[in-house]
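Listed after this line are the structures, all set down as structure tokens.
Each of the next two complexes has chain A plus one more chain, namely chain B in the first and chain C in the second.
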Partner chain A sequence: MDALLADLRSALSDDRVRYDAAQRSLIAHDASVFDGGVSGPVCYPVDTSEVQAIMRIALTHGRAVVPRGAGTGLAGGAIPLGAPVVIAMTKMNAILDVDLDNRVAWVEPGVINLDLSRHLRPMGFHFAPDPSSQQVCTIGGNVANNSGGPHCLAYGVTDAHVVSLEIVLPSGEVGTLGTLGPDDHGLDLRGAFVGSEGTLGIATKVAVRLTKNPPAVRTLLLSFASVRDAANTVSDVIANGIVPAAMEVMDQKITIAVENFVGAGYPLDAAAVLLAEVEGLEGGADIDAERISDLGRANGATNVRQAESDEERALLWKGRKTAFGAIAQIKPDYYLHDTVVPRSALADVLETIYDIAKRHDLIVMNVFHAGDGNLHPLLLFDARIEGELERVHAAGADILRACLAVGGVLSGEHGIGVEKQGYMEELFSADDLDHQNRLRKAFDPACRANPGKVLPMGHSCADIQALRAVPTGVWG
Partner chain B sequence: MIPGWLRRQRGPDAVGKTGVAGAGVPAGVDLKLDADDLNMCVQCGLCLPHCPTFRVTGDESMSPRGRIKLMREVQDEGAPVTQDVLRSFESCVQCRGCEPACPSGVPYGHLMEQARESLAEEHLITPRWQRLAFKPLSQPKVLQLGSSALALANKTGLVPRRLGLPDDLPVRQEPLRASGDDVYLFTGCVMDAWQREVHAAGKRVIEAAGFGVTPTNELAPCCGALQAHAGLAGETRALAERMMRTLSDDDRPILVDSAGCGAAMKDYGHLLGTAGAAAFSARVFDIQEWLAEHVDRLPSVAAPLDLRVAIQDPCHLRHVQRAHAGTRVVLRPFVREIVELDDDGLCCGAGGAYSVLEPELAGAIRERKVGVIDQVEPDVVASANPGCSMHLAGAGVATVHPMQLIDQALSQPQPQPVGA
Partner chain C sequence: MGASVLAIDDPVLHEFAELVGAEGAVSVAGGRTRWEAGGTLSPEAQVVEAPTGIVSYRPEEMTMQVRAGTTVAELDAALAEKGQRSALADRGGTVGGAVAVGESSVDQLGRGAVRDSVLQVRYVSAEGKLVTGGGPVVKNVSGFNLPKLLTGSLGTLGLLAEIIIRTNPMPPASVWLRCEGLSPARARDAVLTPSAVLWDGGATWVHLEGHAVDVRAEQKQLMTLGSCQEVGGPPPIPAHRWTLSPAQAAAFSASEPFLASIGVGRVWASAPQPALPVDPVAELIGQRTKQLFDPASRLNPGRTP
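On to the complex of A and B.
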């Protein structure tokens, strides 16, 4: 251990290689409910060459590496398993170059998503993926999890907005994936890296696509007497060929918690609200807003309100985007699911979810990217109460299976991490998984990059149980 | 199939993870934190970008989420209070920018104040020299002497530059006189010694609106905010009780032109937990907040000051009192242009005594703020807190109190109507 620390410190500096118990204990978590346990040294590199040096040193000492952004992941992707070297990317947070002519910007991966859009605002552009955590999550984390957000309904998720990447492979070599010019490469390795959750290496520079700010935006808030009415409205909007920028649904319980925090005027008595946004030229946006309002009313909307000002719009979105965080007003812990079902099945699946929660005697709340059929059921619990957590897991498993049964997938946007590894075999055949594993090994033959994540045991590089068998303190 | 190793196994039985107690490392300090308050944090991380120390370090142990997690480990899991844990707590500016950012409503400020009080009781933080340094604050004569000495020392170059004190600390001034009994103007300790011209300006502005002002001078020597931040809540309670005794013969409003003091005085209700203290706190107003309700009584000026003014909200006005809207209302008629800073009210790094105790972090935070200020290219920055003004002035930023701008606008010669 001492030799590893000494090598890392001479490559970086004393204060940017941390090994104290407090630091390691904090780094052992992200925003998920999973407890990974044991982190090795925590490094804060400031440039690509330092990342390379860390990779090489870790390899020499037989240690794995785990990249970490802001630690807002909900699937445990940044959790260190087996005392790896953790590479915290937060100090690599420069916006390097903005090229408005080609609508591309090179940024370091530690740049906060919203900081990038804020920086671009005076130029009339933004970075389109807008996870609800955008005020804090990093571009590197977005790339690794292929994150989405409310406005990805119209613009597509992160993958569609990453043009090229500089990466450091687990061997310490630097490579560039993707190209700024016309696509002349055979294999789209950039596409393989986006969503790889740190298992193929570390992104050290990202070329992101810039999206022009729309000339006109209309934001609607529709209230409904049932979640089913809201879900049906969403299906009808899409079926009528309207492509809103965003369509988000929240049920009554979560709406009350959110309103308590933001005071945006969300109705407290509606069983569900639909937040819909349309963009475009002035006239077009007005027509779309009118059509959505009509479809809502046809499905029984009890109230339709349009945001009158930018402030009102911002407040409504602030409510939606802080929804998960507002949970503690009701219970101190939550387990958040992330699954995608065909839009046509939305209403039925939601009903099933409420039934499952009732069966397991749990509170469930639903807040979701309705336009994509991306569901986020939140199961509420109090970890201090014996047995609640077990019920949460049983209910979670039932919910996932119910979604898979109607043709859904495992993760909409939060990734697999350690959370859904166990379900991979239910979705993919052994053959599929074998190919995924071979791709991973092409990047990382020695199995050093974020081992124990994504691919299930038996297919992944490292055996999770073996990783976890290292007790706390062994390396200290 | 689901990995069964989940976190949040909180409570006394859970195993401490923040290392082991060893020589010189006290184990099992009871932080006496409210268990439900502590439990409210869901570790979502939405507060991180609103924390100045996280912003400049990117270090989880210098973030609100990290600090809360460490409080939990110490209190619930019996983790030892290592130097690194203390470092995490002591590096907190107590700006409370994390509070309005938190959708779960975690009362971070009260948690940190309580944690510091418990640690100070164990003599783990706030060493003797710091405790002694707070003493003169409640004794105006000593403070005035000390301040004069400091001002002189600063002028003669005896004060280290890294403290970033502005060059023109006043050496000696006359106390303010009462002009009536409609409102109190709280004059306090440090600010009265160093920035009495701000009180004087505020007093003239309130008088211009037609109200008589009683400066509190010796009646209320100190609000106790700095002591509470340092974990010396006992001293703050004593000062609060003293102030409540001397200012409670009637129920006139108490106006405060220092955001830090105002926040502390509005918190007496919570600090003392009595109905009397709550009633006292309800009489406390930030001077801009109060004046915003009476702005129509101010004389109108024909020519506002020809200035582009950037408003830097003091954290204790914006995040704690949440009364920063008033600054805009009162300033708008008197200056050409008001511009907002694009950083969601991030702290400037002053933090009461913080800039002296943590010069490096305070400097880094200030550098960031100066960058944000430069973006909007103001003629001058308006800040309603003396500590912030001095801290920013230390970096060469022209900073004034909003009351000084209004005072100046009201006192400049008005163009005479033609033919008069």
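On to the complex of A and C.
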């Protein structure tokens, strides 16, 4: 241990290799409810060569590495298992180059998502993926989780906006995946890396695509007397050939919580609200806004309101994006789920979810990316009450299975991490998982990067028993 | 626990897997429109055909599940009936071929890239097994991204049997303009989301798609910047694909005819592109991938993506 720390400190500096109890206990968690993380030394590199050095030192000492961004992940992806070396990327946070000729920006992975879009806005561009956590989460985390956000409905999630990556492999080699041009020669290793949850290596530079700011934006708030009416409106909009920039639904419970929290002007008496945004040129935006309003009314919308000003629009979005913060008024803890179902199944699945919560005697709230069928049931609980978290897990399992049963998948944007490993075999066959494991091993033959994540036990890089066996006493 | 929900029950796919088997060099022929892509197939390879037919089309979900041997023309006809289209270009080939090559359409900026549109793949592995990667819905981060890996892999990692692609609404209006006295960069900057901006070293072509009122407004705007005429479509496209950065493509010059796709980095030129520099680490990962997926090199021998 001392030798490992000494090597790391000589490669970086004393203050950028932390091993104090406070740091290690902080780093043992991310934004998920999962315990069981045990952190080894926590390193804060400032450039690629330091990341490379850390990788090599970890390898020499037989340690795994876990990349970490802001730690806002909800599937436990950044949780260190078995006392690995944690590589915290937050000090690599420079926007290196905004290249308007190629319409890309080269950034370091520690850049905060919202900082990037703020930086680009005056130039007439933005980075399209806008997770609700965008004020704190990093581009590296977005890449690793292939994150989405409300505005990914029309624009696509992170992988559509990452054109090239500099990576450090777990073996310490530095390479570049993808080019700024069309990637239809060579394997799309860039595409394989995005969404790999830190298991294929560490991204040290990212070239992101710049999206032009649209001149016209229309934001609509539609109120409904039932969640079903809101869900049906969403699938009707898509079925009618309209792909809005965003379509977000909130049910009554969350709407009330949000309204008390930020006063965004949401109706308190609606069973559900639909926040829909269309972007583009003035004429088309008006047409789409009109058609969405009509489809809402046809589905029984009790009120349709269009934001009159940028301030009003910003406030409506602030409500949506702080939804999770608003929960604290009701219960101290929440478990945020993430599944995807076919859009046409939304209304039925939501009903099932309310039933499941009732059966487990839990409060559930729904706030979700309705446009792409991406559900986010929020289960509220109090961790201090014995048995509540167990009920939350049981309800979560029922919800996942209900989504799989209608042709859905396990995760739309939070990833698998440690959260859903155990369900992978319900979605995929053994042969499917074997091929996923092969992809992983092509990048990381020795299973050194973030082992114990994504693939279920029984697949080579998932087996962290060996790592767990390291006696914690050895580490301090 | 029961079987995985993505378990394959389509007997046609299982027949295809049996046809491919677990031994001997093998390749799939689509429309043979890109038969030489990535090199010449070793002569000893047995050539099979992928199963055909649309399995399920859900326009309201914007998804299409189709067997790999189905022609892009058939796909397009089915999509057109519901006012939709996909990122795949009809070059006379099959859906499987288009995905295996991964080459996007001239309208890539409007229709999206092929690699972004493949939601789920089913393929026969080198061991003769059917494997599913990805999933049937439009947003999915459940596990490693095999669809990305297979798209553009020229059938060297698995032989595509069935694909689910994302579809898109057909824009209500579409206009191709040919402009003189208008630089491609200026044209690109002047419009919000062109479906294509092409440049042959002299004239600039712009493909505008969307609501009629928007298309008219942008057309008017372009006409004030240069001398633009409505034309039926893009100019003839030279044979050889070059891969450059968007900036390099915009600055391309050659004595022979060429066409540069602005904002994409694609140039179609009259001569083949000199070998591209290869990142050694990417090459290493690629070799290991091939080794892990097809240790005996039986899938499309002679070809390299």
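Going forward, the second predicted complex is superposed on the first by the 460 of 476 C-alpha atoms of A that agree within 3 Å, B and C clash if a C-alpha of one lies under 4 Å from a C-alpha of the other, contacts with A are read in each partner's own complex, and residues count from 1 in each chain.
Methods note: contacts are C-beta pairs under 8 Å (C-beta built on N, C-alpha and C of every residue); 3 or more make two chains touch, one makes a residue touch a chain.
On a predicted model such as this, the values are computed, not experimentally measured, just so you know.
Novice: Check chain A with both chain B and chain C modelled on it and let me know: fit or clash.
Specialist: fit
Novice: Answer with first, second, both or neither: which of chain B and chain C does A:440 touch in the superposed model?
Specialist: In the superposition, A:440 contacts chain C only.
Novice: On the superposed three-chain arrangement, identify whether chain B or chain C touches more chain A residues.
Specialist: C
Novice: Kindly classify A:302 by the partners it touches after superposition: chain B alone (first), chain C alone (second), both, or neither?
Specialist: neither
Novice: Using only C-alpha centres after the superposition, what angle do chain B and chain C make about chain A, to the nearest 10 degrees?
Specialist: Between chain B and chain C, as viewed from chain A: 140 degrees.
Novice: Looking at chain B versus chain C in the superposed three-chain picture, what is their shortest Cα distance in Å?
Specialist: Nearest C-alpha pair, chain B versus chain C: 11 Å apart.
Novice: Which chain A residues are contacted by chain C in one complex and by chain B in the other?
Specialist: No residue of chain A touches both chain B and chain C.
Novice: Where on chain B is chain A touching in the complex?
Specialist: Its residues touching chain A are 1-3, 5-11, 17-20, 39-46, 48-49, 58-61, 66, 69-70, 73, 79, 82, 84-85, 88, 102-106, 342.
Novice: In the complex, go through chain A and note every residue touching chain B.
Specialist: Residues 18, 20-23, 25-29, 31, 33-37, 44, 70-72, 88, 90-91, 93, 110, 112, 114-115, 118, 133, 135-136, 257-258, 261, 322-329, 332-334, 383-384, 389, 393, 396-397, 418, 421-423, 464, 468, 472-473, 476.
Novice: Within the complex, which stretch of chain A touches chain C?
Specialist: Checking each residue of chain A against chain C gives 99, 101-103, 145-146, 148, 152, 156-157, 159-160, 167, 169, 173-177, 179-189, 191-192, 194-196, 212, 214-215, 235, 238-239, 241-243, 280-284, 287-288, 340-344, 369, 372-374, 404-405, 407-416, 420, 424-429, 431-433, 435-436, 438-443, 445, 454-455.
Novice: With touch defined as at the start, can you tell me which chain C residues reach chain A in the complex?
Specialist: Chain C residues touching chain A: 1-7, 58-63, 83-84, 101-104, 108, 112-116, 125, 129-133, 135-146, 148-149, 151-153, 157-158, 168-170, 192-193, 210-211, 213-214, 217-218, 241, 243-250, 261, 263-266, 276, 278-282, 284-286, 288-289, 292-293, 305.
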